[in-house]
Each structure stands twice: as C-alpha cells, then as structure tokens.
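What follows is a group of structures, each given as structure tokens.
First chain A sits with chain B, and in the next complex the same chain sits with chain C.
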Partner chain A sequence: MKRPSASLVAALLALAAAVASAGAQAQSDTIDEIQKYRQQLQDGNPAELWEARGEALWKQKRGPKNASLEACDLGKGPGVVKGAYAEMPRWFADADRVMDLETRLVHCMITLQGFTFAEATRRPYGAGSNRSDFESLAAWITSESKGVTMNVALGHAKEREAYQLGEKMFYFRGGSHDFACATCHGEDGKRIRLQDLPNLTRKAGAQLAYTTWPAYRVSQGELRTFQWRLYDCFRQQRFPELKFTSEASVALTTFLAHNANGAAFNAPAIKR
Partner chain B sequence: MKPRKPFVALLAALLLAGCATLSDEEASRRALDVMKTSFKERGQAKLDRLDQDDAQRACSVPPGTELPKATTERLEKANLAAIRYPSDGKLMGDWKAGERVAQSGVGMQYSDDPKRPAGANCYACHQLSKQEISFGTIGPSLYHFGKQRGASVAIQRYTYGKIYNSNAFTACSNMPRFGHKGILTEQQMKDVTALLLDPASPVNQ
Partner chain C sequence: MADPMRIRIAEKDGLVNVRILMSHEMETGQRKDSSGALVPAHFIRNVVATYQGRTVLSAQWGTAVAKNPFLEFSFKGGKKGEKVIVTWEDNKGDKRTDEATIS
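On to the complex of A and B.
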C-alpha cells in the first residue's frame, strides 16, 4: 500500500499557493504549476487512501451480526475479490437479480452483517470527513481488478434484459431540456465547454470511459464510483434524483460495462 | 400477405430468443416503468420530467437514425405551431444581457434555486464570440451569425423561433426548446436574439 508521497503534498501546496497568489500574476505560472502537479500525481493517486480504508472495512466485523464482508460473494465465490469487478454487473442466483458492485455490497451488508437497507445505504456519496463506505470499499475492490480484461457476460436472460433496458435508457430523451445520455455521449470528438466527451456508443469510447471509474476527482477531493457518475450526469440532464443501486442504475451500468468488454480495467484512476 | 403474418411473428420470436429478451416495444415500455421506480422527486425536478411528449418519444433513438419523413414533418409542424412570439412585436433585446444568459449554466437542476433565473449555457455547445475560448462543440459555431445573415425581420423571427423551439426547424435537434419548455423568459430570448444579431455584439465582430 503506497501512501501519497511527500512530493505530492508539496505539489498540492505549491498549486494552492500559485492559485491563491495568482491575481495579476502571469497565467503561465499557474499553468506550469498545474503541469507539475499532474506529473506528481503519476506517482501517488490519493485514491490509495480510499483503497486502504476499503480493505480495512471489508475485513472489519460490523453490524448487528458482528460479521465482516469476507464471506461476500462478488460472483467468483465467497471472499474472492481479485478480478471480480471486471465481470460485474452480473446475475446472482441467491437474489435472482442483476447487481453491480454497490448493489451487491448492500446485499452482503444486509445478509451477512444484518443491516437494514436504510442503514446500509445511509451515505452513498462522501463529503469531506463524512466518508462513504461504498466509495472506500469500491476503491479497494476495483483496484483488485486493475489490469484484468473486462468481461461482462450476458449469459443469463436477466443480464440480457438489463442490457436491453440500459440501452433504451441511454437514448431516452426527457426532462426540461430534452436531454438523453446520447445527447452528449453519442458522437465522436465533441466537447462541452473545454471538457472532452467520450462517445459511449462506440467501443473505444465506452472502454476508455468505463475502465477509468472509480476515480479520484481532483476538483472535488473525493473518490467517486460509477454509481456517482450516473447520479451526477442525471442531475445535469435535469432528471429527478437517481436512487442509489436502483434497477435503472444497474441496467445502464450493464449496458456500458458490457460495451467496454475486451479492454483492460484501469481504475481507480484520477480525473480533473 | 395475410397468411405470412404468423410465420413472421414466429421468426421474430425465434430471433429474440436467440439474443434480446424483449421486443423493442416491450423494452421501451419496461425501461420507462423501471425509470419511474428508479428516480425520486427532488426540489424542482419532479417525476413528471420522465413523461415524454411526442418529440421526446420519437427522438429517443441513436444519433444519426433516419426517422420516417412523415415523423419529422409531424414534429416540426407541431413544434412550429407552438411558438409564441412576443406580443409587443419586438424580437431584439440587449446583447449584453444576452451574453450573461449565454454564459450561465444554472437552471432546472434539482440543485438549482428555482427562484434564480435560468441560463441558456449557449457556450457549453457553441462558439459565439472570439473572446470566449471556453466553448463546446456539440452545436455549430455561431461566430458571425448575424454578420452573415443580417438582421431583417425574417432573420429575427427565425432566430427567436429557433431559440424558442429548435425542433420547429430541425426535428430531434440536440438543442433544448428554451421557450417551449419554459426555461427562458421572453425577455431573455430577446436578449439572446440580440446577442446573435446585433451588429454591436461580440458575436459579429
């Protein structure tokens, strides 16, 4: 477990100082500092802090049943974490449902640890010192699939149905602005303001985007999962609030994860 | 053709059993049912945001899908008929106010204060002026929009109408229908029209 290096902390401080003192200061100074900061990030992604906490949480006895999550079956047998994320979402016989990672974790918190659904899902997304257990657990579990080839099978009828529904939702236009996922993510080479937009209807775009979540978001100082990515896209799409681990969130994830098959999983990543 | 129908239906059923689980129509219906249980109302974003009108339903297809001509004609006709032009007949407002509307990305999200005026966020998708280099490329560049077209009454009506309801001119446009959906006020749409057409606007420099 690597800790963020002292040089990373130094670079962060230098960046903060550069931004603070900016004002009339030449803009190029700030750009230089941002460049330096990016280089420093290569040798220490703050996501590692979430990974360490997630691994500890996995092993910690918690809940009314005072049990750890070590017996949780992520699809490759109880307790098998290595490579599990690269095959999710998948259908689970014990729940007769297609589940993504977070949905499966909620299931294990209920069945193994004895939490209620409300208790387990109290904090899906962290904010500062109020960290989300899901973001930590997902950081660690997904790190155990780094380098593994994405292989989300559609062998079960319910997996095929989830994919089909996710595809429909991707093209579903609604809300005050008529936006669908496809409005921003349906063509090559587009950007919103200066932000590049992956074309998720093509294999290369889906692979690049899907394999780099979860990610440490520099602008938020938080580790965010794919559930969060969908949740915040729908907010900007002017839709109501997407429920955590809802059937729609799992269906859309199935659609995008399957489209990313064949690529090496490469997260937790770091993004702006 | 009548006797063939059962055969076609059987063939379709076999094909579906092989790959997809649901027919296309069933999948659309079920996707909507699932979405209705997967979202919750928050702030100004109520569940009726998922209730599609004719255009939203017909346009829920992959980009580049060619819709039947009858469909695009129906959509454009209905959306054109729904445009409400200002009762005072004036279509051009203040381009400076229009620039502020074009820059602002707030409005209609559950995280936005509904009492604050919404923006149009034109720059998210369009280049407009030379000064603003942070612009998106989902829509075409509008730099020199007025310089190339002039500001005749006909052009003013087209521009105001396009902002009010983009689907009146291009069915399934990616652009929000700012007047039709109540995102912008009449005055804001006049101001954005001026931003695009006023010879003094940075768009036309």
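On to the complex of A and C.
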C-alpha cells in the first residue's frame, strides 16, 4: 500500500481541524444567540404577572380565620419578606423543622389562616386558569430577594442534617433507569436534547441554576418554583413522586441552596 | 375577572416608551385537551392605547400572539406625569382597562 504523502496528510489534518473548529464555532454561536434571545425576553418577563398576584395574595385576608399572610415569619421576623428567600431553607423554632419557602407558606396558611394541610396543598402547581397560590406567592417573595447574596448558613444541627440527607439523595442511584441527580448534573457540558444541564457539583453551576428559579417557562406559559423543578426531575429520572413540602424535597433544596451561597439571587427568571 | 396588566411608561427626549404585559390565555382554538376535545379559541382581539383622549395605538390581534403577551411601542409628544390608558378586549367580550403614569 502506498503511503500518503506528508503534504496530503498535513492538508487532511488541516481540513479536519477546520471542520472541528467550524463545528465548535457554530455551537458557541447558537449558545450566544439563545443567550441574546433570553435577554430580550427578560425585558417582558410574564413572571411579573405572577409577582403582582402573589403580592395581592400575601395581603388578602383568607381562610377560616380570615387572616392575611402578613404576619408570616419567613425567618427574618414576622412579615419581613425582603431578602428572606436568600436565607432559606432554614430551621424554624416554632415548627422544629427545616423548611423551604413553600413548606413555610403551608405552615403559615395552617397556623395563621386556619386551613388544613390538605386544603393548603390542594394545588402545588398551576395549569392554565387553575392557578397555584404557591407559584404566585413564590414569584413575589423571591422577587424581593433579587440581588441579595445567597446565604444558607447551616447554623443549626437540623439544617446540617438536611444538607447531608440532600447530598446523599443527590448521588443516590435508583429507579427503573438506575439514575441519580448526579447522572445528569455531575459533569460539565451535558445536555438533554438542546438544553444545557448545569453541573451542580461545581460552585458556578450550582449558583447559576439555583439563583434562576423560580422562572417563567415559555414552553409551558407558567411560572415554576424550585420545588416544581425537583418534582419534575424526579419524574424524568423515574423516581417515586416527590411529595410537595416533604422532608426529601426540603433536604435536596437545602443541599442545592447552600451550594449556591455567595451568588447574587436573580429570579424570577425566564427560561425556554 | 381578568388580571390587571403591568404597564411601564418612560419618557425620554420627547419620545414615550410604553411596555405592557397582559395576562391572557391566548388559546388558538387548534389545541385538543386530554379527552381529545378541541379547546375553544380565546384570544385578545383589540388593543387600544389612549393619551389625553387621543388614540396612540390601535391593534387588531389574532391567535398568532403568544400567551401572556408583551407589547412595546413608542409615541411622540407625551409629557411626564400624564396618563396612558390601555384597553384590551377578547373574542368572548371580556375586557380589561388599566392605566399608568408616564415617568
């Protein structure tokens, strides 16, 4: 067999390199363009509609006790909303458990407004005209933490316990697909179809992901909370249904929120 | 019935920039629900914006406009402190009017 000439090999290598760099160029262009598209959307983010509803809902007297949520303590004192989300989940003395925002809201709806647990958690996630109170309330409350530095301190033993449980769950493989959260979110550059997946085991990835939820999902026309994100991840990895406000849900949130510490909170955002 | 709009208006160098977010399902009438029945069309048909009684924008919309629509437009000659009134009406006769002050 005749050996190809050195110049031909060099030409082929150059061509291969050119094709490879063109491919990489096209991909980064696509990512840049998607980024631009998202920035344009940000200007008219419909999440603001949820924020307005949430603020009204917070002040509205409801339930058997005909009370508003304005006396609800989100961790910084009764009624203090500003910056509260950036320090959640946290341990609450009155309930003696670690709570994330939605869990705390359920607690306040029961204690302040007199709803039962079943009534309060009737609709965790909205669909069309069947809106979820939690999505509206979360939109408004989180918007009051925009720009605040994430600081989930883990000062209490139960908070550290929740963090460790969440970490264990993150790496736990199971279900019919033998999946863990880390299967998709443990390496750089992974994606599902065209969606880039954040590497949550790295600081930058965890920060970017956590600080941009809740978000308005253009493809669903709905505002979704962080609990919804976890709930849908569990569905996608064929895990048992993640129960709303469950210990598992709060623990995983604690793990991811603490990993996002130090970043400026930047939600409600807008996503595809 | 319908949720309020979010309207932000800013004046700069005589040009008034109006940005409006509307809360609406904007159903096309082409979608089917889980039982296979057609979801009836439900969309905003007319949008009118007025400044001091004069129409500064009049639009006729159809089903191609997205859910929870965002509308941005500019007009000349508006003054700070004055109001712009925006009204939409959908194909079921539902109406919503909101106003905002030029800042």
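The definition used in the following text is that the second predicted complex is superposed on the first by the 232 of 272 C-alpha atoms of A that agree within 3 Å, B and C clash if a C-alpha of one lies under 4 Å from a C-alpha of the other, contacts with A are read in each partner's own complex, and residues count from 1 in each chain.
Please note the rule applied: contacts are C-beta pairs under 8 Å (C-beta built on N, C-alpha and C of every residue); 3 or more make two chains touch, one makes a residue touch a chain.
These numbers come from a predicted model, not from an experiment.
Of the two partner chains placed by superposition, only chain C is touched by A:Ser129; chain B is not. Once chain A of one complex is fitted onto chain A of the other, the partner contacts of A:Gly44 are limited to chain C, with no touch recorded for chain B.
In the superposed pair of complexes, A:Ala180 makes contact with chain B only, with no contact to chain C.
Residue contacts after overlaying the shared chain place A:Arg160 against chain B, while chain C stays out of touching range. Once the two complexes are overlaid on the shared chain, A:Asn66 sits clear of chain B and of chain C alike. By the touch criterion stated above, A:Arg235 is placed in contact with chain B alone, chain C being left untouched. For chain A, the partner that touches more of its residues is B, with chain B and chain C as the two candidates.
Using the contact criterion defined above for the overlaid structures, shared-chain residue A:Arg53 touches chain C, although it does not reach chain B.
With both structures placed on the common chain, the touch criterion links A:Ser219 to neither chain B nor chain C.
Of the two partner chains placed around the shared chain by superposition, chain B is the only one that A:Gly189 touches, whereas chain C remains out of contact. The contact sets of chain A with chain B and with chain C never meet. For chain A in complex with chain B, the touching residues are 157, 160-161, 164-165, 167-169, 171-180, 182-184, 186-187, 189-195, 197, 201, 234-236, 238-243, 246-249, 251.
Put simply, chain A touches chain C in their complex at residues 43-44, 46, 48-49, 52-53, 128-129, 221. Note for the complex: chain C touches chain A at residues 3-4, 6, 19, 21, 23, 25, 66-68, 70, 72.
On chain B, the positions that touch chain A within their shared complex are 19-22, 27-28, 30-32, 34-35, 37-42, 45-47, 49-52, 55-57, 59-63, 108-111, 123-125, 134-138, 174, 176-177, 181-183.
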